[in-house]
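Same chain, two partners: chain A is paired with chain B first, then with chain C.
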Partner chain A sequence: MLLYVARCAAQLAVALVGIVTVAFFLMRAIPGDPAIYMLGDYATTESLATLRARLGLDLPVWQQYGMFLASAARGDLGASVVTGQSALAEIWSAVPPSAELAVAGMSIAIAFGVPLGVIAAVRQGTYVDVAVMALALGGISFPVFWLGLVAILVLSHDLGLFPALGATSEPGLWPAIHHLALPALVLGLSVAAYIARLTRSAMLEVLGQDHIRVARAMGVPERRIVWRLALRNASIPILAVIGVTFAWSLGNAILVEAVFSRPGLGSTILKAILARDYQLVQAGVLVLAAAVVLLNTLLDLVYGAIDPRLRKA
Partner chain B sequence: MSATVDDIEIREEAAQRRRAAIRRYAKHPGFVIGACGILVLLVVALLAPWLAPHSPTRTDLMNTLAPPSASHWLGTDQFGRDVLSRLIYGAQVSLQVGFFVVLISLSAGTILGAVAGYAGGWVERALVAAIDILLAFPSFLLALALVAARGNTLDSIIVAVAIAYTPRVAAVMRSVVLTIRPRPFIEASRAIGLSPWKIILRHIIPNALPPVIVVATVSAATAILAEAGLSFLGLGVQPPTPTWGNVIAEGQTSITTNPLISLSAGLCIAFTVIVLNLLGDGLRDTLDPQMRRNTGKLL
Partner chain C sequence: MGERTTMPDVGRRGIMAGATGIALGAFGSPVLAQGTQMLRIRFGSDISQLDPAKIFGIENQSVATHVYSGLVKYDQATNAIVPDIATGHEVSSDGTVWTFRLRPGVTWHKNFGAFTSDDVKFSFDRILDPATGSAYRGQLAGLKEVQAPDPMTVRFVLEAPNSGFLHKLCAFNQGWIVSRRAVTEIGERYSMNPIGTGPFVFERWTTGNEVRMSANAAYFGGAPQVSELMFRVVRDETAAAIALENRELDIFFALQSPDVIDRLRRANGVTLLDRPANNTVNLVLNTTAGPLRDVRVRRAIMHAMNRKALIDGFFRGTKTEATSVLTPTFQEYTDEGVPRYAYDPDRARALLREAGVSNFRFEITTPALNPYDRFPVPLANDLQQVGIQATVRVLERAAYGQARSSGNVQSCITAVVGPPDPDSALVTLFHTRSFPPGLNTSRYDRADDLLAEAARATDMAQRKATYGRLLKQTMEDVPVLPLFAEQLFVAHGARVQGFVQNSLFTVNASPVSLRGA
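Coming up: the complex of A and B.
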């Protein structure tokens, strides 16, 4: 197991270097001169040159990349072009509201998605299956920002159950939860639809296997077969699904934050894109991708704990 | 040259097989609904100039936010433009995005995945590492950053979304190729001395296509959703050109008084995505029941 953990850690390190590399070259593809942007159109040639030298923009790209990699390893992702603050610090301050939304949304998604997928698989071909799958198809087909608008219109404007704004400065736990509820529900249900579809197919595959047929023949109660034997065997594909949907839900979270005017990584990155603050966009993209890679490494460790065969692979 | 009895028999058999396949498709309700839905959308997009009752961009400041009426079935927006006409023209943008994104990401992803799956060794390891790293970036975020970098013309949006979805296609393609590589006919092609490129292009890709076609159909749906999201954030094709996403965004300001604007545009997107998904599910069930395993995880 120790060897397996070490291998996961090594993979994590390679993946982190990889995303730093991709983020660096992605951002260099943005046209325009950041120095001109920072100092304005009327800046003198000398002041532009000094600034370029300070940012390292006058060096060859490969040297810039090496410096970027070295400072990224020290946790320094440069300074925001607009505010001059550390880009990582600025992104970091936007993480808590995003993490709240992601955790609440994913919890709702798993709580609804997994059981619905299992039920649909067990009742394959019945009306229950058709109904769950129709619901799930709707869930993945309606744009998440549109679901957010409809939720605001119905649950907030018409029924007055929730506030339309996804965040509040009011102190206390209850107002925070009250404002988080609607965005989390919208994000969660759209991801739940996706999880339900994939859980269903993972369960169908396991339910068709020989050991399940044997258990049935031996008279093991159906409830035990489904929720103990089959679900445990389907747990790795289902966890994999949750890993895949996590990256996807981070993309959706950007839209949900925009609809509910909620602060967070999405709105910070969006503002940075509009302001052409490429250091900040780069830091934001990096942090989100790092979150995905970290979750996937954690999942790999969990797979290893669940299934000893995988530790050898 | 006259046909021999054998030729006629072979031709008859092929015709029979084709008829059986058509029957199989016709019996799948999802496939039929999906195919008809796509056909309707194509007709609407192509015939937009004739179907739209008004110009989608002509403003009428005396008649803003009008409720539905005989001349404006879905009312008008805050600039007095006919909402129905904007939705009809919006189909053009969405379908173009869906079509070209799939064309680009499918070609690039198929080749990358096939090479990775067939080559093995360090080529495979390098390509798989690259694909995995790209998959760590949420595709919508990647598309967002690329659009910010390349500007928001329709072309650059299509390229951005296509780049974001290519690693997904490549990953599916590779997993399918891994199941084809050990089969005897590939070994036979190698034995008679075909070059690797010929084997990939003539034998691997054609045999791996069915699952990839399913992925393509579903990618078209996600591409359309991504474009709508970009438009909604103001980073998509710019107004006054109508897209379903920017119709929703513009309707947002008057959502409490004229909810029909945003609601109807959202329904257009959902309809398109639903019929594409039905078509994809139908293709998957009819082409090969086994492929669920190969494509399911990444769809």
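Coming up: the complex of A and C.
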């Protein structure tokens, strides 16, 4: 087990260094310059040179990279070139709203996606199956920003059920949940569609296997066969897709954040990319990558708990 | 009107709440529920920088407007220059020494001590110091020295008389005064922890979400009537409009989309205001590039574009016609003797023939920002009608900035947003010292003398006449084609009283009070 954890940690470190390196050079490869962004209308050759020197942008890229790695190793990811604040602190302040949205969205996605997928599989070929799959196809096909705007128009404007703004700084649990509900629902339903489709195919495969037929022959109640025996066996691919869709939902969260005016990692990184705020992008990519890698490591551990065959591997 | 709009809303929500079994307390205005006087203003994007030496962008400037004071300021309604933290000033007979008397008893926010002339000297010296890297250093060209002979007097010594100097000291960008002690003590973190003497104190910033400010009870202009300000980032205009109608927001700042403007014009309980801005949106032609060197080609482009159709069609009347790069909001504005260019494709074809230009490839570079990424398309179409092979190159904002700064573009879409200071706008567009990376992408070099002459002018009539000559000349030479004049739209809810819209492209909540709060 200790070896396993050590291996995971090593993998994590390699992945993070790799991702941050890619982000570092990618940001510097695209056209644009934070100094021009900041000086805008009044840029002169001298003022640009002064600012570039102050930001260390006049150094060769390799030297900048070396300095970045050296300070990153000490846990210092630098300061945002635009705001002058610590990049990691700025990114860190965007983590809680993103985590809230991701957890709430994924909970809704699992709560809807898994049961619908199971039902569709059990009733394969019936109208129920067709209806669930049509719904899932819709969920995948409708762009999340469109779904978000429709939700705001109908549920917030016409029915007055939820606020149009998906975040609040009012104190208290209820206002927070009330503002979070709509964005979480929209994000959750789009992910639920994926999970439902995958659950259905995983269940169909398991339901056709010998041990299910044996269980049926032995007279085990159908309800127990479906929800205990089959679902447990189908849960490995389902968990895998949850891991993948989590990363995907972080991408979708940028759109949800934009439509519902929520702060978060997605919109912070997008803003940083547009301003060529190199340090902020690097810190953001690092935090996002760490979240995805950690979640997948966690899922690996859960697989082992669910399926004893995977424990030795 | 208020009654009619309030009742159905509450009723509808009450019914919904009852039907779904959700507590009523969750609905309606949270501000009313809490009994505080918070004014909630929509921002289209996040703030990033509140240091006057480096500030840019309308959101940053809107926050700074509440934090800082200047020696003088623009009256929000009339754009006249009126006293702010200075009580008055004298100019020496040769026009080179400007002496300001300061208001006594003013204190800095958050216990940073008393405001004195030393802070004023520090603020301007800081802009002038090349090490600061201020974008506004060029604005103070000709300022030789700032002196603080006593704590309540500050003196500016100029190299030559400058009738427009007061504009440079107005409470905007470089004109905002900072505290020596605060800037020194707070250091690197100052840009997001600003200290001023203005009506509101900066409290906190939540990345990507909101800015909170509290009323400065000790404000020298009188304590504000609302106790708290919240600037809330709501990127999507439709969502912001619904939030305004839902009374989740009080003021909708930087309203642009014609659809949303229409929607709010018809909405109950919403007041829609509009006002001409201080800027036009322009097509800047590189006068050193190929056929564009010929003034006849530049005039042909002007005649070929149906700017009226753009305003009435594309923008549905939410912009106005521009006669030059100055708008009527400038006190120095004039259109006397300034040539006009009617939409006349035949004339454009004739001019191109005269210039011996055919099948000319012409590229318009524009940033990927709504509506800049779309409105050049109908203009390019107009140009194709007269035989110019026009294309539109849309570049993501930072890439656009780099392309423009390099100077290697045939033409680009540019707007100079700022105060009603003709020197600032015209130097930025036409002076040789604004050659790329500055905004004089046309590399126009015939305006320097007139700009210097306008600055030397001793009275308003002379100033206006000189700027008039400059406008006439630049519209004859057309290095910069004004496409339309920007119109600013702001909407507010029924609770907002006393709001004054300015032409600075900022929102100023200082005089606002809230009804029923």
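Before moving on, here are some points about what is shown:
One rule holds for everything that comes next: the second predicted complex is superposed on the first by the 268 of 313 C-alpha atoms of A that agree within 3 Å, B and C clash if a C-alpha of one lies under 4 Å from a C-alpha of the other, contacts with A are read in each partner's own complex, and residues count from 1 in each chain.
What we mean here is this: a contact is a pair of C-beta atoms (placed from the backbone, for glycine too) under 8 Å apart; a residue touches a chain by one contact, two chains touch by 3 or more.
These figures come from a predicted structure and were not determined experimentally.
In the superposed model, A:Met218 lies in contact with neither chain B nor chain C. Applying the stated contact rule after C-alpha superposition, one finds that A:Val14 touches chain B and leaves chain C untouched. Legend: residue contacts after superposition of the two complexes on their common chain; A:Ala240 is shown touching chain B, with no touch to chain C. With both structures placed on the common chain, the touch criterion links A:Ile140 to chain B but leaves chain C unconnected. Of the two partner chains placed by superposition, A:Leu173 touches none, neither chain B nor chain C. When the two structures are aligned on the shared chain, A:Leu3 is found in touch with neither chain B nor chain C. With both structures placed on the common chain, the touch criterion links A:Ala79 to chain C but leaves chain B unconnected. Judged by the touch definition given at the top, the superposed model places A:Thr268 against chain C, while chain B stays out of reach. In the superposition on chain A, chain A positions 30-31, 149, 152-153, 157, 258, 276 are in contact with chain B in one complex as well as with chain C in the other. Residue ranges on chain B touching chain A, taken from their complex, read 129-130, 132-142, 144-146, 148-150, 221, 225, 228-229, 232-233, 235, 245, 248, 252, 255-256, 259, 262-263, 265-266, 269-270, 273-274, 277-278, 292-293, 296-299.
Those residues of chain A that touch chain B in the complex are listed here as 14-15, 18-19, 21-22, 26-27, 29-31, 137-138, 140-146, 149-150, 152-153, 157, 198, 201-202, 205, 237, 240-241, 244, 247-248, 250-252, 254-255, 258, 269-270, 273, 276, 281, 285, 288-289, 292-293, 296. Remark: chain C residues 9, 12-13, 16, 20, 23, 26-27, 30, 34, 45-46, 48-49, 54, 56, 130-131, 133-139, 188-192, 206-210, 212, 230, 232-236, 238-240, 242-243, 245-246, 248-249, 395-399, 401-403, 405, 416-418, 428, 433-434, 437-439 touch chain A in the complex.
The touching residues of chain A, when paired with chain C in their complex, are 30-34, 36-48, 50-51, 54, 79, 82-85, 90, 93-94, 97, 149, 152-153, 156-157, 159-161, 163-165, 167-170, 174-175, 178, 257-264, 267-268, 271, 274-276.
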